[in-house]
Amino acid sequence: MSEMSIAISEKLKSEVKNLNFYYGAVQALKNISLPIERRKVTALIGPSGCGKTTFLRCFNRMHDLYPGNRYEGEIILYPDNINIISTEIDPIEIRMQISMVFQKPNPFPKSIYENVAYGLRVRGINNKQILNERVEKSLRGAALWEEVKDRLHDLAFELSGGQQQRLCIARALATDPRILLFDEPTSALDPTATSKIEELIIELKNEVTIIIVTHNMQQAARVSDSTAFMYLGEIIEFDRTEKIFTAPTKKLTEEYITGRFG
Amino acid sequence: MRKKIRLKEFFIEAVLFLSAASSIFITLSIVIILFYESYGFFKKIPIIEFLTGTQWTPLFAEPRFGVLPLVTGTLLTTSIALSVALPLGLIAAIYLSEYAPHKVRETVKPVLELLAAVPTVVYGYFALLFLTPILQKFIPDLSGFNALSPGIIMGIMIIPYVSSVSEDAMRAVPMHIKEGSYAMGATRLQTAFKVIIPAAFSGIAAAFIIGISRAIGETMVVAIAAGMMPNFTFNPLEPVQTFTSYIVMVSLGDVPHGTLEYKTIFAAGIALFFMTLFFNILGFFLRAKIRERY
Amino acid sequence: MKDIKRRIAISKYWDYTFATIGLLSSFVGLALLLTLFLDLFIDGFPRLSYKFFTSFPSRFPENAGILSAWVGTVLVMIVTALAAIPLGVAAGIYLEEYAGKNLFTNIIEINIANLAGIPSIIYGLLALGLFVYFFKFGESILTGGLALTLLILPVVIMATREAIRAIPNSIREASYALGATKWQTVRWHILPYSTGGILTGIIIGLSRAIGETAPLITVGALTFIAFLPTSPLSSDFPFISFRWLLDPFTVMPIQLFNWVSRPQKGFHMNAAAAGIVLMVMTLVMNGIAIYIRYRFRKKIKW
């Protein structure tokens, strides 16, 4: 792990240093450190309850929505060198730069167009022309444009599950995020829709840094560049994806990826 | 032995069934009695005259039976009440469901419910003897009996009906939809107005409709503080009479059974019944709609 | 970046402004309730004395009291409770435990929801046509009590259903598995476990009935009554008499209405004093209901 961190030190988008996280009195994440490479896909894997989603939600401060949650440590965002989880930084400021795609497609009860434009409107952008351009660009970016360009003003609920999830990706892309978080984005989708989303993720890493939580190890192997294996709130092992899946150094990692538990 | 048990079970089920069916019997009796008594009224008074006349003086020596003054009176007090209850109720609901800390919500909600528990006759007292004198200091033209003061009090009285149903609807919006909005960097206010309200729309509409139906049917506050004067007016500073307060006024006097005057209260009743029935059924289906959506 | 910061500042400004407005709006009701209580108290407290409770109404405000009104309220409530509780609970049990999912059940459900929304004065007209003239009960305590029964029946039914619905199916299955019949299951399991919710609903319904005025005005409750109904206990065999059921009556809210409608200041003070009594009655009943709900919720956790 040490040789790798030297090699990528200039290419970091973010770096997690000694992160602890508490739900009230319960410690959910223990002393986590992890580099996040720029324009690469980092996957978080591990059995359910291992804290991978909790960890992901630290990056855009989703935990601030509920009382009693507490962070310790640092998540540094480069190149500005700000600590994402510092209490002095407004969570809204963070969420404007770090977008998220959820486990279950969650379009708003609005038209397809308004769903994509939502983040822009929240930022006070109401200029029709700018909105049109950005909506089209994001829908193209999410490989959805051809399917919906003739019905932009239909309700988003009328789309299929896979389309809805790509719409949510378009919504997240519209605001030019610096990091895009995926929380098990295909767990509610069928295999065809899943492979479309995976292709999309591989394509998107040319433009944006991606962190993805997945319970599906094949998916992690297919889309990610590096993988962190988590267990009981800790990172057990982190390395290049092919290394993790072919020659893990820790016994626990090996047992998990060979399907002996989890 | 087995037979005896079966007989007993059957008998009990029959009794329970009759109790449940009694609600149908109640509705039917309402409809039959209202129709039967007002049939006598409409046999004497043409329905056109009833619906278009601008004078309502059934108890005068030369009676007139135009219902429009009661319509404007009801419209006036109802719209004043709604312009208080709908915004305040909705804002309170947004606050309680999206902003208020758990503790605040758990204390404010029961207190709001208490507003609906206070006897309406007490509200009438308050409108007539507390609010009207205060309003008169600011509005010298306000007469002692008027539509404004009972309208405002009715509005506050209705707040809990509006706020509790709207709040339920907003809290029924799934958390993952709300999180989707917060994850885009939206504030609570932006999330409430751009995502939650559209998602909870039918529930909020149902809440508004319950409020409307309450305001139309409210009786004692207007009977006490609005003056029981059938004025054909839209001026909130004047005394007015509503459908409900007309029924109260006639019932207070000694009107003999079977006379035309006696039947007028059923004619007013049937108009009231259909207005509220319309809103109730609309509200029922809107609420059923939110239930199936999530 | 600077742009975003400014944008956030604007959004947050509105967010906090709305939080303040929301807090204030939520407290408008509370403020009104406090003012109302204070106003009643200031106007009416001097009149609250032992004599006020033991005197009949009078032409002279300082001699007038609420004796016939509170006795009337108690008697009417007895009738209402005796009629509404069995009928409402039975209907609730039928709809939750017996009724199948069919058109008829659906109609009953819509119907009950609709009944809950009908203005109270319509129930007064119904009682006038049905009980006063059709069944010839006259303008009596019985008529008044039954009129209020119709009014609170939907409340009792809905509360019963909700309480029963909270009982998990496993309880029913456990009972049936032991060979119990439907009624035995209801009698020994469903009813005891839902008592808290049902009681809460009944008390809330009765507290609403206590404050109702309009439907009793239409059935001819009098505003001036200077005597009490026939005593339910008599000196002759069988020592219990039901004559009071058919006696004319008045109730607290009607007495209040009567006093508030008079121009003299003295009667307004009486109205305020009666208002205090009425408010205390309803608030105490609501308090009991909240307490019962709280107690049962704590005791039984599924």
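Chains here go by letter, A, B and C, matching the order in which they are written, and residues are numbered from 1 within each.
Operating definition for what follows: a contact is a pair of C-beta atoms (placed from the backbone, for glycine too) under 8 Å apart; a residue touches a chain by one contact, two chains touch by 3 or more.
If you're wondering where the values come from, they're calculated on a predicted model, not measured in any experiment.
J.: Measuring centre to centre, with centres taken as mean CA positions, what chain is farthest from subunit C?
T.: A
J.: Please state which pair of chains has more C-beta contact pairs than any other pair.
T.: B-C
J.: Find me the chain with the mean Cα position closest to the mean of all the protein Cα atoms on display.
T.: B
J.: Measure off the straight-line distance from the CA centroid of subunit A to the CA centroid of subunit C, and report it in whole Å.
T.: 54
J.: With chain centres defined as C-alpha means, what is the inter-centre distance between subunit A and subunit B in Å?
T.: 49
J.: Roughly how far is subunit B from subunit C, going centre to centre by Cα mean, in whole Å?
T.: 17
J.: Please set out, as single numbers or ranges, the residues of subunit B touching at least two other chains.
T.: Expected reply: 185, 187, 190.
J.: Going by the touch rule set out above, which residues of subunit C reach two or more other chains?
T.: If we look for residues of subunit C contacting two or more partner chains, we find 8, 11-12.
J.: Please output the residue numbers of subunit A that touch at least 2 other chains, ranges allowed.
T.: Correct list: 92-93, 96, 122-123.
J.: Can you check the complex and tell me which residues of subunit C touch subunit B?
T.: Residue list for subunit C touching subunit B: 8, 11-12, 14-15, 18-19, 21-23, 25-30, 32-33, 35-36, 39-40, 43, 86-88, 90-91, 93-95, 98-99, 107-108, 110-115, 117-126, 128-130, 133, 150, 153-154, 157, 181-183, 204, 207-208, 210-214, 217-218, 220, 223, 253, 256-257, 260-261, 268, 271-272, 275, 278-279, 282-283, 286, 290.
J.: Where on subunit B does subunit A make contact in their complex?
T.: 101-102, 174, 176-177, 179-187, 190, 194-195, 198-199, 201
J.: Quick check: in the complex, which residue numbers of subunit A touch subunit B?
T.: Touch list, subunit A to subunit B: 60, 62, 65, 67, 92-93, 95-96, 99-100, 102-104, 106-110, 118-119, 121-123, 168, 171-172, 175.
J.: Over in the complex, which subunit A residues touch subunit C? Could you list them?
T.: 90, 92-93, 96, 122-124
J.: If you look only at subunit B, which of its residues touch subunit C in the complex?
T.: 5, 8-9, 12-13, 15-17, 19-24, 26-27, 29-30, 33-34, 36-37, 87-88, 91-92, 94-96, 99-100, 108, 110-112, 114-115, 117-126, 128-130, 156, 159-160, 185, 187-190, 210, 213, 216-220, 223-224, 244, 247-248, 251-252, 257, 265-266, 269, 272-273, 276-277, 279-281, 283-284
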